[in-house]
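This is the structure, below, for whatever I ask next.
By written order: A, B, C and D. Residues from 1 in each chain.
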């Protein structure tokens, strides 16, 4: 039984084939990088795995269960959390509340508990608030819990989004260009965070452009081109693959 | 300090509650009763639109279904009044669940069109289903609420509705502070991100639609027993628009938005009902509401709260002190008029 | 029976074109601003009343009155942008706030019209040959007015298409709607373009209002009735993208209405039309996703 | 921003302060009528005629030495609003008597308030649905002929004089129309006639072709129109356009007023209508009233105008007789007999109606030709 397995995944947008008959597997406890030139279908792949987009054909299996066709929240609760390429935090909630949102699945209290404000609910609320604080602490936002996201610098917003994803206690974390648009300090902070997560044994699938980032964080790389798998291997294997250089790296070196 | 901060709002509520005891003008009491009922519908819309981001321009339908349901049950079946009102709420709750189904597929402007259509359909059924509603002839002879054997006076009705509204507001308050409320607010910010944060947004929609339909239904039920007479004109589209206007004027994102807006929007046209103004007052009141929306798009309640907080800070009783307190105060709405179309994230 | 069906189809299309006229303005506004103006239909009402005033009360020639009415309403469109849209945008009001503001504006305008012109529908006859004898094709009747509307629409849609695809201003307008930031970077004066969209959509709707006079009279029903909602419905059925599709949407609604009367009942005509609209809205989205 | 908001509140406060009126020995009357919304066609007639009557009476020294003061309220033709304003009129402004509302459903919604506070309520609404015999409110009086009477007369005329055997009925969606439809169907049934087609047109609808085509298919010999004015105009224009032949058109009272004939234009030619009042009626008293009205308001009166004008006079007459006690006024109104109204004597009958007068007339080349007057 493989951890996450993509079987002949295809997604069309009208006439355009964004992901074409894509199959690969990722291993548990490893950080897998998904790279490729612009428009090669990386984000679409993430969207298909997380259930945000319906697949045209093919399937995704997660820990032996077919998850294709399930709704995004069900997939999230099975243990696949994600972030977005363009940061999508909840702007009308505080940083702490942003993280708390993703803890909704941990409550045993129902609507009646909420309306009657029972002791059970209060206990759970305080437990989950502590847990959310811990997560903020983990991503380096320990003191920012009461801030509104719009008052946070870009890098912190990204970390907040990651904290929200971690709040689901995922087995697999999908990161869509986590380092995009960051300055040097922020970049270092995110790199550091991912390395720390890797140490805890969390599996990660990340889409990234920055080669430096991929080199530092990633155990295994899958290269996409025109929605198809071009190559697969360790970063150093990929680096030397002439097809990859031609399709992707080569172009950048020019 | 914190306790002191709560004194003034409580005082305001207490002052409001003694009005009927001090002012024996029955017209004023009647209008306050109407206002309280409107507040209930508006509070339901605050939950639906302000918290969960689902637009409804058809809430007069729930108000109408609730009103006719209790009218029919009490007059034709012989239910006691209180049971009639509860049943009206329950029926609306079910209808609200059904209306939440289209919201799985459509949102924003399209959802508002769906709800307008729904409101029109319900209205036309009220007009045309003669055997049930007597159609345009109106439905007379609806009993008043009784206390023991005595019919409840208007002052009594005021306190009954105030308690009901208080309970509704309390329920919304608790909901908004819980994990469910946070999920709703998240959903109104970004539905897809909420889904991927592990929240079943469909369930959330069913919940919030039925909640706000329940509020509308109970309000309608109370209205039926206050006016003792129903006719279809009270449930037309412009009433739905009026309810939304109440929620917006009061403050869509504030727990108290519905209450404040309901009071203000009900009272404004009555204030303008001045001698010789019989053709101008509606123009005046719609202009007043328009100006309120333009000047205070996030509503009166957050604005007052802001002023109050700043005043408190200046006097040194501001508790935590800082200007931005998380809930409600002037976050405005998530999406600015322009440029809020989120790119699909491909 | 067949002639009855044909006659209903003709009559349904004729009234549907009028709904489409309103839908046209909705699409135009949406295309250029990404917004919904719930006081949209008020522009039609203002157009009709002003045209009446200029023609009947000021005794101006009809053609001049039309031009002046359209221009006056376009000016109102400018005021709408300046005094409703701009302050709201400045205070970060959302789309819902814009909807409520425009809804209140429509109530205000309706009551303003009652104050100025009174609540009684005003007679305004002899427009577009409406009172002359219609054309008979066997048992089937076609109004001159419908033909006139059809001709107007054809010319108008072609002109609109030309404007949006061939002229610089038209292209800039669309660019602003699609991405205001990028448009600004490209050196387009976004504010001026917005002014133009407001004037264009209100002016076009004012003209539609004048074309509606033979059927709707110069009456409050132009500014309050269900026709506003039907205008939105047409626009939605047309996919909010192309003006001529809004006309098709209108015809679809008109046909649906008449056939419901023919085969079901006149009492439940609108119930079924609105059910149809809900189902359409839900299915449409599904097909897209 | 906050300053502007406070300013707004200040303005509202001043406005509300100005509502407090001065107390003086006057007789205070409320007029509730629609000035906004769908029924606003009627509001102006009612207000104009009422003001005219009050001005005339006040010029002659008022009633029993007291001037009449009036407050006019808009009910927007909506029962919920009517309840608001009647509450305001009776409980806040403390009026002594009340004219209106003018819509039947509004009357049904508010007459209990008049009863509970013992205020005489004289209304111009005509639906049989709230007659004294139905609701039993002894404070409620009616100034215009009951629609039942008018529809019965119309059907009688159609069958007896025109020999109608296959009528088609088109009716509107309000109380006024729906009740009239029921009465008409009953009356036809009494004569063994069943309408060949029954169609409905909603208020505000502008397309009746579907309905008319169904009617044409049924091949009727008469069209009975029971709608409000704008729908009547829509129906008649499309009726002509669809080329109906040899079909008589008989309309209800809204089919007999200028708001209809102006809109319908030439299409109105030949329509037979039953009316409570028409300025064309060549009676010297009617013509005197029409001239006075025209001189004051530069327009022709319509039937609610005459009704409320008469109403004010008969109330003044009762007060002169019995004084200002409300209970006495109520009794006085109930016992009123042969009061000279514009169109003839007014007497309070068992249903609290003051008149049963109706006219049947035909519209020909721009004017109404009276066929018969029925008392």
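Couple of notes before you dig in:
What we mean here is this: contacts are C-beta pairs under 8 Å (C-beta built on N, C-alpha and C of every residue); 3 or more make two chains touch, one makes a residue touch a chain.
What you see is a predicted model, and the numbers here were worked out from it, not measured in a lab.
The chains other than subunit B, linked only through touching, come apart as A | C, D.
At the far end from subunit D, in terms of centres built from Cα atoms, lies A. By C-beta pair count, the most extensively touching chains are B-C.
Measuring from the averaged C-alpha position of subunit A to that of subunit D gives a distance of 71 Å.
Separation between the centroids of subunit B and subunit C, computed from CA atoms only, is 31 Å. In this assembly, the C-alpha centroid of subunit B lies 36 Å from the C-alpha centroid of subunit D. Between the CA-based centres of subunit A and subunit C the separation comes to 46 Å, rounded to the whole angstrom. Looking at subunit A, one finds that none of its residues touch two or more other chains. In subunit C, the residues that reach two or more other chains under the touch definition are 111, 114, 224, 226, 267, 270, 289. Counting partner chains per residue, subunit D has residues 35-36, 43 touching two or more of them. Every pair of chains in contact is given here: A-B, B-C, B-D, C-D. On the side of subunit B, the complex with subunit D involves touching residues 25-28, 30-31, 34, 127-128, 130, 135-138, 140, 227-231, 233-234, 268, 270-276, 278-279, 281-282, 288, 291-292, 295-296, 303, 307.
In the complex of the two chains, the subunit C residues touching subunit B come out as 33-36, 83-85, 87-89, 91-101, 103-105, 107-108, 111-112, 114-115, 180-181, 224, 226, 229, 232-233, 236, 267-268, 270-271, 274-275, 277-278, 281-282, 285-286, 289. Per the touch definition, subunit B reaches subunit A in the complex via residues 171, 174-175, 178-180, 182-183, 185-186, 188-190, 192-202, 207, 253, 324, 326, 331, 334, 342-343, 345-346.
For subunit C in complex with subunit D, the touching residues are 4, 7-8, 11-12, 15, 111, 114, 118-123, 125, 131, 134, 136, 141, 143, 215-217, 219-221, 224-227, 257-262, 265-267, 269-270. Taken together, the subunit D residues at the contact with subunit B in this complex read 1-2, 4-5, 8, 12, 15-16, 18-19, 21, 35-36, 43, 71-74, 76-80, 83-85, 87-88, 90-92, 104-105, 108-109, 112, 127, 129, 135, 173-175, 177-179.
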